[in-house]
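Same chain, two partners: subunit A is paired with subunit B first, then with subunit C.
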Partner chain A sequence: MRFGTASKFALSATLALLAFFLPWQASLVLFLCVVILEIFSDTYKPISAPAHKAFLRFLAYLVSLGLFMVFINGLLIEGDDDACIILGLSFYPDGLAFGLNVACRLMLLSSAILLFFVSTPIKIFADLLGYFGLPQKIISIILLTTFYLEQLPARIRQIFWSQEARGAPIKGNFILRIRSFFSILSPLVLSSLVESVNRGMALELRGFRGQVPPSRPRDVRDFRLAYLILSTSFVLLLWQVWK
Partner chain B sequence: MIQSIKERIRRETSGPSLPLIGFSVALNLTVGQITGVLKIPVYLDSLGTVLTAVVSGPWAAVIAGCLSNLLAAALGNPTMMFFLPPMIAIGIFTGLVARAGWFRRSHLCVLGGVLQGLLAALLSAPISAHLFAGTTMGGADFLVVYFRSRDYSIFESVLFQGLLMDPVDKVITYLLVFSLLRGLPERLMNRFPGAANVLGGKG
Partner chain C sequence: MEIRLDGFSFQYVSSQPTVVSEVSVAVASGACCAILGPTGAGKTTLLLAISGALGAQHSSGTGRGEISVGPHVFRPMPDKVLFPQVGLCLQEPQIMISGLRDTVYDEIKFSLENISVDPELHEEQIVSVMERLGIQHLRDRKPFTLSGGELQRLTLATLLVVQPPVLLLDEPGNSLDDDALSRLVRILRQLRGRTTVLFSDNQPDLAILAADSILIMEDGEVISFGDKKSFLKNLGEFKSSLPVRKWQDVIRVLSRSSSLRAKRVKKRFGLA
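Entry: the complex of A and B
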């Protein structure tokens, strides 16, 4: 069975929400489920091989960050109980428990949200936001941002190399480095402001007012399922808060 | 009142402001690349929001700030999407101080940056402490753990970390935007709704 984008979004949002009130053991199990979903399910199939690799790299980072959080909290945060000695280091049970809770919460939250984005192109996500009622102007801004996100790193590198070739100090004390930061930022912002003026003019000349949403087919059944999942998780959340 | 706000939002998100907001969001998300290469130990992740607040206005900045945090969540730091209130405050506060002419004087910029930093620290501390127990996958987490090991509560640790780091970050951000905009040609600035914030009576 393959879910549509809306249900996929709702399921990821629910998993992320669960991270806030489940005990660490349950969060850890759900985190493993997220990994299995990413690898084996059709619904959450990554949009490309690099996206899959990036997701796996992020998972490795999350796990190492989680282990580090458990280690550092166990080592530094004292509680009422006596410390236990592991490999010659004193760990406090309260600190370890606190570290495990926070680490598992972050691991589930992060992986659940990334699970959605690794399997959904931004264009389709923007369409989904439109169906949920977000103004067309905001959707245009998101699409413009994705355009700039693709362009900016290359532009930054180009300016960085040019400034380095001109002898801008990229090593040195804090003030010098802030100055060279400014020398990179200044042409970047100036060129982007000029580009914004040109793009803004082009949009106005084409009559863009951001009021008429583009017409696209809408999968109503998928939205019903999405609303069902979202409302169930909302009821769960309310129940937890009340408890 | 609502009509006037709607009209302002429309004005601040039309023409060149619309692509500028897109650029600012991308700048917020990629500025870490430059600070990383230059080994500058500050975030500057609201640089685009402050730039938009001065050049376009507070509502455009609120949109830029909120979208930055939501997209940062999509790109690998999901904790960011819970920090919308500080971003909204940054947008509105900067837009208001820019309108009051604080971006025309460097000493007022420093004062604005300090106040902005304090406001951001006060607003983000409860979110960070209650939702994430002070851990937000950032470099400042070390400082929080350090304060916790000194027997401060989670909330106090997060608050002290914020009060130490945010004002410095925001003062640098404000001064960078001040210096960037001071050197821009008047003809270019006049195309944006916030031209008077930088040019004063000349705009």
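Entry: the complex of A and C
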């Protein structure tokens, strides 16, 4: 079964929400589920190979950060129980448990959010926001910003090459790189300002005033499922608060 | 729709010189007029003023005179963009791409959405514009993966799809190879009688091939305005306004139609 965008969003939001109150064991299992979903499911298939690569790289950072948190907390937070000695270092069980809790929460929360964005083109996400009632002007700003960010690496590369061609010390030691940073930054800022003015004018010349009608939902059944998932997670949250 | 400018002048900043000075011209409805001149002659400013973008974007500038677009008279110029009555295609086609749509087809559709026309009802119109401009095979491509010439045609399509009575093109010949240029000439000829077209250029070949009248500008002032015949008759007078290198293009264009005339021009400029 392949979920639609709304259900995907609801499931990711639910996973992120669950990260706040589930014990670390459950969070860890769900984190592994997120990884499996990203790799094997059709619904959460990454939009591109670079997106998949970036996701895996992010997971690697996340796991390293998690391990570091467990290590530091286990080492520094003393509890009532006796410390256990591993490789000559004293680790406190309370500190380890706290570290595991925080690390697993963080891992589940961030991977669940990223899972949605890795598998959803930003324009489809914008459609969804429009359906949920976000004003079209704000959606346009989001889309134009992401469009600008997409163009940014190419622009930086271009400025980098032109500065290098002019003999600016782009490559070299740290101090040289810091100095050259300003020679890249000012053309980047200036060209961005000029382009944003021109692009605004071009959009106006095509009659755009942020009034594009919101997209119609593509699949109503998908929205029903999304609402069901979101309601369930809110019930779980309320139950947790009440408990 | 007729375009008329009466003593139109414009200054971006009061302390700086006038960019466009006392321009008075009239372009009949359905005619095609080329605005020629070197860089900095005021061609783009003139087109921006007619489209309304100048008034909307540079409200602090000082304008004089008046601009009429069809029955509407603006003193000194329109203060808001006149789309879809007037469509302006800027010099850099990549700037005209919205960045809000994923495919060439959707990018064209976007123009119809902006004027609240249901694009589903006008699919035929979109397809026909794509065919006219020879971009139907690019239908599902991402706009930013297109080449310069393809982008140029796409931006033209985004304007033509709304069928504006007035079409303004800022240096449309840039980044076009010979084939694309001939296609543009064909399109401009097809528009004759239906759409009033004004385009700027700094080389005369497109003007000679497609325009009915030619306006020559230098330093914001009109040097000459008249039909193509009078332009060709007085070629020598404009030698200082247009770079000599470009005269080779004039001769090349002329030699296509009349070798006798080409010989005469070559002799006159000492290029024979």
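As a working rule, the second predicted complex is superposed on the first by the 207 of 243 C-alpha atoms of A that agree within 3 Å, B and C clash if a C-alpha of one lies under 4 Å from a C-alpha of the other, contacts with A are read in each partner's own complex, and residues count from 1 in each chain.
Here is the rule we use: a residue touches a chain if its C-beta (ideal position, glycine included) is under 8 Å from a C-beta of that chain, and two chains touch if they have at least 3 such contacts.
Model, not experiment: these values are computed from the prediction.
Trainee: After superposition on the shared chain, which partner residues are touched by A:39: those of subunit B (first), subunit C (second), both, or neither?
Mentor: Once the two structures are laid over each other on A, A:39 reaches no partner at all.
Trainee: Would you sort A:86 into first (subunit B), second (subunit C), both or neither based on which partner it touches?
Mentor: A:86 contacts neither subunit B nor subunit C.
Trainee: Once chain A of both complexes is superposed, is A:105 in touch with subunit B (first), subunit C (second), both, or neither?
Mentor: Once the two structures are laid over each other on A, A:105 reaches subunit B alone.
Trainee: Applying the document's definition of touch, where does A:203 land relative to subunit B and subunit C: first, second, both, or neither?
Mentor: In the superposition, A:203 touches subunit B and subunit C alike.
Trainee: As a test of reading the superposition: which chain, subunit B or subunit C, is in touch with more residues of subunit A?
Mentor: Touched residues of subunit A are more numerous for B.
Trainee: In the overlaid three-chain picture, which partner chain does A:238 touch, first (subunit B) or second (subunit C), both, or neither?
Mentor: After superposing on A, A:238 lies clear of both subunit B and subunit C.
Trainee: Answer with first, second, both or neither: which of subunit B and subunit C does A:144 touch in the superposed model?
Mentor: Both subunit B and subunit C are touched by A:144.
Trainee: Is A:123 in contact with subunit B, with subunit C, with both, or with neither (first, second, both, neither)?
Mentor: Second partner only, subunit C.
Trainee: Which partner chains sit in contact with A:195 here, subunit B, subunit C, both or neither? Use first/second/both/neither.
Mentor: both
Trainee: Do subunit B and subunit C touch any of the same residues on subunit A, and if so, which?
Mentor: 140, 143-144, 147-148, 195, 197, 199, 201, 203-204
Trainee: Touching subunit A in the complex: which residues of subunit C?
Mentor: Touch residues, subunit C against subunit A: 51, 53, 56-57, 81, 83-84, 87-88, 90, 92, 95-96, 98-102, 110-111, 113-116, 158-159, 162.
Trainee: Which residues of subunit A touch subunit B in their complex?
Mentor: 16, 20, 58, 65, 69, 72-73, 76-78, 98, 101-102, 105-106, 109-110, 113-114, 117, 122, 125, 137-138, 140-145, 147-149, 151-153, 156, 160, 170, 174, 177-178, 180-182, 184-186, 188-190, 192-197, 199-201, 203-204, 210
Trainee: Can you name the residues of subunit A that touch subunit C in the complex?
Mentor: So the residues of subunit A in touch with subunit C come to 121, 123, 140, 143-144, 147-148, 195, 197-199, 201-209, 211-213.
Trainee: Using the touch definition up top, name the residues of subunit B that touch subunit A in the complex.
Mentor: My answer: residues 13-23, 25-27, 29-30, 33-35, 37-40, 47, 51, 55, 63, 67, 71, 73-79, 81, 131-133, 135, 137, 145-146, 148-149, 151, 172, 176, 179-180, 183-184, 188, 191-192.
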